[in-house]
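Okay, structure first, notes after.
Labels for the chains are A, B and C, by order of writing; each one numbers its residues from 1.
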Amino acid sequence: MLKIIVTRVGEALVALLLMSLVIFLLSRLTGDPVALLLGDGATEADKAKLTQDLGLDQPLPIQYLTFLGDALTGDFGTSVTAGSQPALQLVLARLPASLSLAAVALVFTVTIGILFGVLAAIRRNSAVDIAARLIALVGQSVPSFWLGIVLMYIFAVQLGWLPTSGYGQWQHYVLPAATLGLFTLAAITRLVRSSMLEALGSEYIKLARIKGLSEAVVIWKHALANSLIPVITFMGTFFAVMITGAVIVETVFSWPGIGRLAYESILSRDFPVVQTVVLVITSLFILANLAVDLLYVLVDPRMRSRG
Amino acid sequence: MTKPVLGTLRRTALGLLCGVAISLAPTATAWAQSDDLIVAVSTFSEETMTPWGGSGQRKTYLDVVYEYLTYVEPGTLKTVPGLAESWEVSEDGQRWTFNLRKGVQFSGGYGELTSADVAYSIERLIRDDSRAGPASPMRRLIGSVETPDDYTVVVNLNFPDFELAQGYFGATQQLGIVSKKHFDTLGEAEAEATPIGTGAYELASITPGSEIVMKLRDDVENHWRVTPDFQNIVFKVVPEESTRVAMLRTGEADIAPIGFDSIPTVRDAGLSIVSAEATWSPVVRFGGLIETSDNRYNPDAPWAIKEVRQALNYAVDKQTIIDELFQGEGTVASSDTPVPAWSTVEPYPYDPDRARELLAEAGFENGFDITIRTFTTAPGAELPLMAEAVALYWQDIGVNASIEPVDWPSLRSEWTEGRANNYVWTHRGFPFASAANGMEAGYLAASVFASFSTAELEAMIQDFSTEVDPASREAKFTEIGQYLRDEAAAVFIALANEPYGISDKVGEWKITTAYVWNFDQVTRAE
Amino acid sequence: MVDATTASPWRGSRILSGAGNLWRSLDWPLRIASALLILFVIVAVFGPWLTPYDPLTGSLRARLVPPAWQEGGSWAHPFGTDRLGRDILSRIIAGARISLTVCVMVIAIAGAIGTAVGTAAGYFGGWTDRVLMRLVDLALSFPVILLALLLGAISGPSFANIIIVISLVLWSQYARMARGETLKIRNEDYVDLARTSGLSDVKIIWRHILPNIAPALIVIATLQIGVVIVLEASLSFLGVGVPPPAPSWGSMVADGRSYIASAWWLCIVPGSAILLTVMAVNLVGDALADRINPALRGRNI
């Protein structure tokens, strides 16, 4: 077990390093922030000085090594556009908003998704099953920005039940979380439904029923436990989808998170912030995958029974 | 499935549903009712708090805190005293004297406004690390600043500028006056985070990427310039236009810029529209037309020939574009800035036949290929759509236009580095309070933002800027306008308005001119 | 001695032989879905000949005309016109072609790369497996949407960029599935026989492994069509989609999003096209998955 953890962590670090190189190169390729920063009518001398100040006149490998070295001490550079604010500080200031939204969305989709999936499986071809499958189908067919705008229009403008955008109270979370999570909800519903169907007809369950266990225990303890495995397997992908969707949802609902920060800093060629945001997001992914791997080991009954 | 299990499930589901319904039921919606003035803008730009910390777009929230030496009178657009009670310029236009208003207090207890503060503000605005738009030309212009006494500022220029008061030193530009004492006391890094100005408001709080709250200063009984009705002004950044419209409808925003096509929707919802007039000018600029420069002139481009440029102007039905894409909110333009002296310059009429004639004359009867680069700005969200419309009109006369969406940063780099030579791009012009400044920026080879220049034009501009007699100045200025039009320096489409949706919390509000938002002068409705 | 090149049982042949009975065995939702899909492909392929108007030109004076059944609409433009006066029905038809092209290219590229990587990892095992799978994990760790924005910033939005970005999102699914399926069959008798008879690894993979893992991969491909279309729409919203004036359904929805209260047909019509197509694709894909996955066989309706 320990060996697994150590190797995984090691691989994660290598992945991070590779990612930092990729993102470093890519952000440099997007263009030169110097021209952007200088006001109108700047001279060559102005440009040269600013290039030097930002350290952009050094050869690329030196720039990369400097960046790495600084990063190890927690210095990710200062934002090129937002005054002299440290990039890391900027990113961390906006991280809680994104994380809380992702957490709410994840909880919402996992609970409702599992509920729907189970209901659909045990009441096969009933109204519940059809409704669940319909929602799942629609959830995977709708672009998230469109969903967000439609939900905003219906629930905020027409009905007035929820705020259109912004950040502050729990009501602000509802629409963005729903938009962010619908795709995952659809996926989880389908996954749980098909695994439950598979599990319910399996030998293992037949055995449990013969043993005399109540239906509730059969469904919730045994069948569901098996069905959770594919859900956990895809948890990493779901997290990725959430972060991906975050850029869109944050733009539509003016959510002050890192998705929008990434978008805006790419648009303004703010290298340090772009690098920092991508590294932070990538680390989150890697952490999430690590957690999923560990969860897998814990939940998989086959591995449990061995130990 | 056994009954007990089914029953439990059903009951839980029902319970959940009821709970959700109850909690969602419309009660006093705390997010939509507020005594404050809520302004939803599309961007905070760099979100920094100093006048020199970024673009003029930040003046939306900065101008309730910082004030300027002169202001612009709404309607007449005359220059009126601001922090400077009076001013005079020497005969040769190179020495300006400003007499400051007495008894104006900075917030935060930083004392009275003196000439030292003005001098410091100028110094910071033109310093090397300044990110303000006009920093570079001002740096070239300003020689030295003297402060003979506490209320007098003397500015010595390196070359004549007869419009300094309303130009670079006015409310449309970025010379907000800061407190020198504030920076001396806290040191530059810390002082930059909090804006200390002479305006009626001060910073209450800032949530990065989300909102900036300005509150009325309590140390000022009667402010010398404004009598605000609102205790707090909340600035929110809402990049998505449909969200801003939704916010106006739910009451979550009181003032917000909207797209032209949303005007009917907002009106139908019972809200009003305030349209800032002629604050920007959509235009299609040609690349590679700086004749007096060696690397920014492309003689091989089809549009290097004047007749071709004229044809491209005749081909576009500008009035229809204004009627349809801008909902009638604009007038056909013969320039990219609304100047009274240029109101006599006639724009090109819509005449596709004449366009085809001119093309044939120039040797392009089979048309040619052209690339239009587009991007969005604020204002300027309609620019890509306008480009598509222009492309369709050009297609009609045989010019094969392809659209290339880019973003402003990339285009800006190419433009300022002299690489924008074989395509055209949509852009927007602004009214410069100092027409001379505007011309320097757009039509002199020395400016990196020049888009068109000939030796003749440079001479005309030079002549104009050194002309002392006001009547002659006006005449020469009109001449330049006519020249720009005849040479078809660009495809000037319109002088457009900027529509803002207004909630019923707002009584009266008016934008004076571009970059002068007057959010501290919004009155509350009865 | 068994001829190693022809004797392997081909699971796919069972599906093909059942094609004739397929229609009869389908229930109504599936029949509608399959019909819709066939319609989509026909419209996409024959688009240029079907459009009533040129999807790229319009008249500014006739912009934002409502659909025929609304007040102010006419049957000249059944679905109304867009912001530049272009006929929406024509643009929908032309857009089907773009969507199909993007789907085909992405799935071809992502499928080829993913299958190659996955099959190699599954077949060779050991270090190849470890390295390749770590590569897959690495690819999954990168927030692809930011990559799309970066690419858009570097070279402007273009058709090529979209293909690259979406392929990057999808290839790893093929890799994982290919690896899993390869692992299942790599120790089967016919593969062993092929190996002992001296067939090269590449030939074995090509002739014996690939045909047998193909069904599973085809299911993935079908299910991904929906993802491609929806992703393209999201990329258009962010400004890095198919460049104008190309009428991709995604950019039509993105362009029309501000008009939901005033000119709702601008985004509802292409949005419905996306919805219907993706739903049809997913229904068919699910049915295929049901048939191919042996664990669920026999439990179908």
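As a working rule, contacts are C-beta pairs under 8 Å (C-beta built on N, C-alpha and C of every residue); 3 or more make two chains touch, one makes a residue touch a chain.
Note that the structure is a prediction, hence the values are computed from the model and not measured.
When chain centres are defined as mean Cα coordinates, B lies farthest from chain C. A comparison of C-alpha centroids places A closest to the centre of the full protein.
Centres computed as Cα averages put chain B at a distance of 44 Å from chain C. Chain A and chain C, compared by their mean Cα positions, are separated by 23 Å. Each chain gets one centre point, the mean of its Cα atoms, and the points for chain A and chain B are 36 Å apart. Of all residues in chain B, those that touch two or more other chains are 242, 407, 409-410.
Annotation for chain C: residues 153, 257, 260-261 touch two or more other chains.
For chain A, the set of residues that touch two or more other chains comprises 31, 149, 153, 157, 251, 267, 269. Note for the complex: chain C touches chain A at residues 134, 137-138, 140-147, 149-150, 153-154, 226-227, 230, 233-234, 237-238, 250, 253-254, 257, 260-261, 267, 271, 274-275, 278-279, 282-283, 286, 295-296, 299, 301.
Interface of chain A with chain C (complex): residues 11, 15, 18-19, 22, 26-27, 29-31, 125, 137-138, 140-146, 149-150, 153, 157, 190, 194, 197-198, 201, 236-237, 240, 243-244, 247-248, 251, 262-263, 266-267, 269, 274, 277-278, 281-282, 285-286, 289. Contact residues on chain A toward chain B in their complex (touch as defined above): 31-33, 35-43, 46, 49-50, 53, 81-84, 90, 93-94, 119, 122-123, 149, 152-153, 156-157, 159-169, 171-172, 174, 214-216, 219, 251-254, 256-257, 260-261, 267-269. Listed in rising order, the residues of chain B touching chain C in the complex are 241-242, 245, 259, 261-262, 264-265, 317, 320-321, 324-325, 384-385, 388-389, 391-392, 395, 403-407, 409-410.
Interface residues of chain B facing chain A in the complex, by the touch rule stated above, are 1-2, 4-5, 9, 24-26, 29-32, 46-48, 50, 53-54, 128-137, 140, 189, 192, 207-211, 236-240, 242-243, 246-247, 249-250, 252, 407-410, 412-413, 416-417, 440-441, 446-449.
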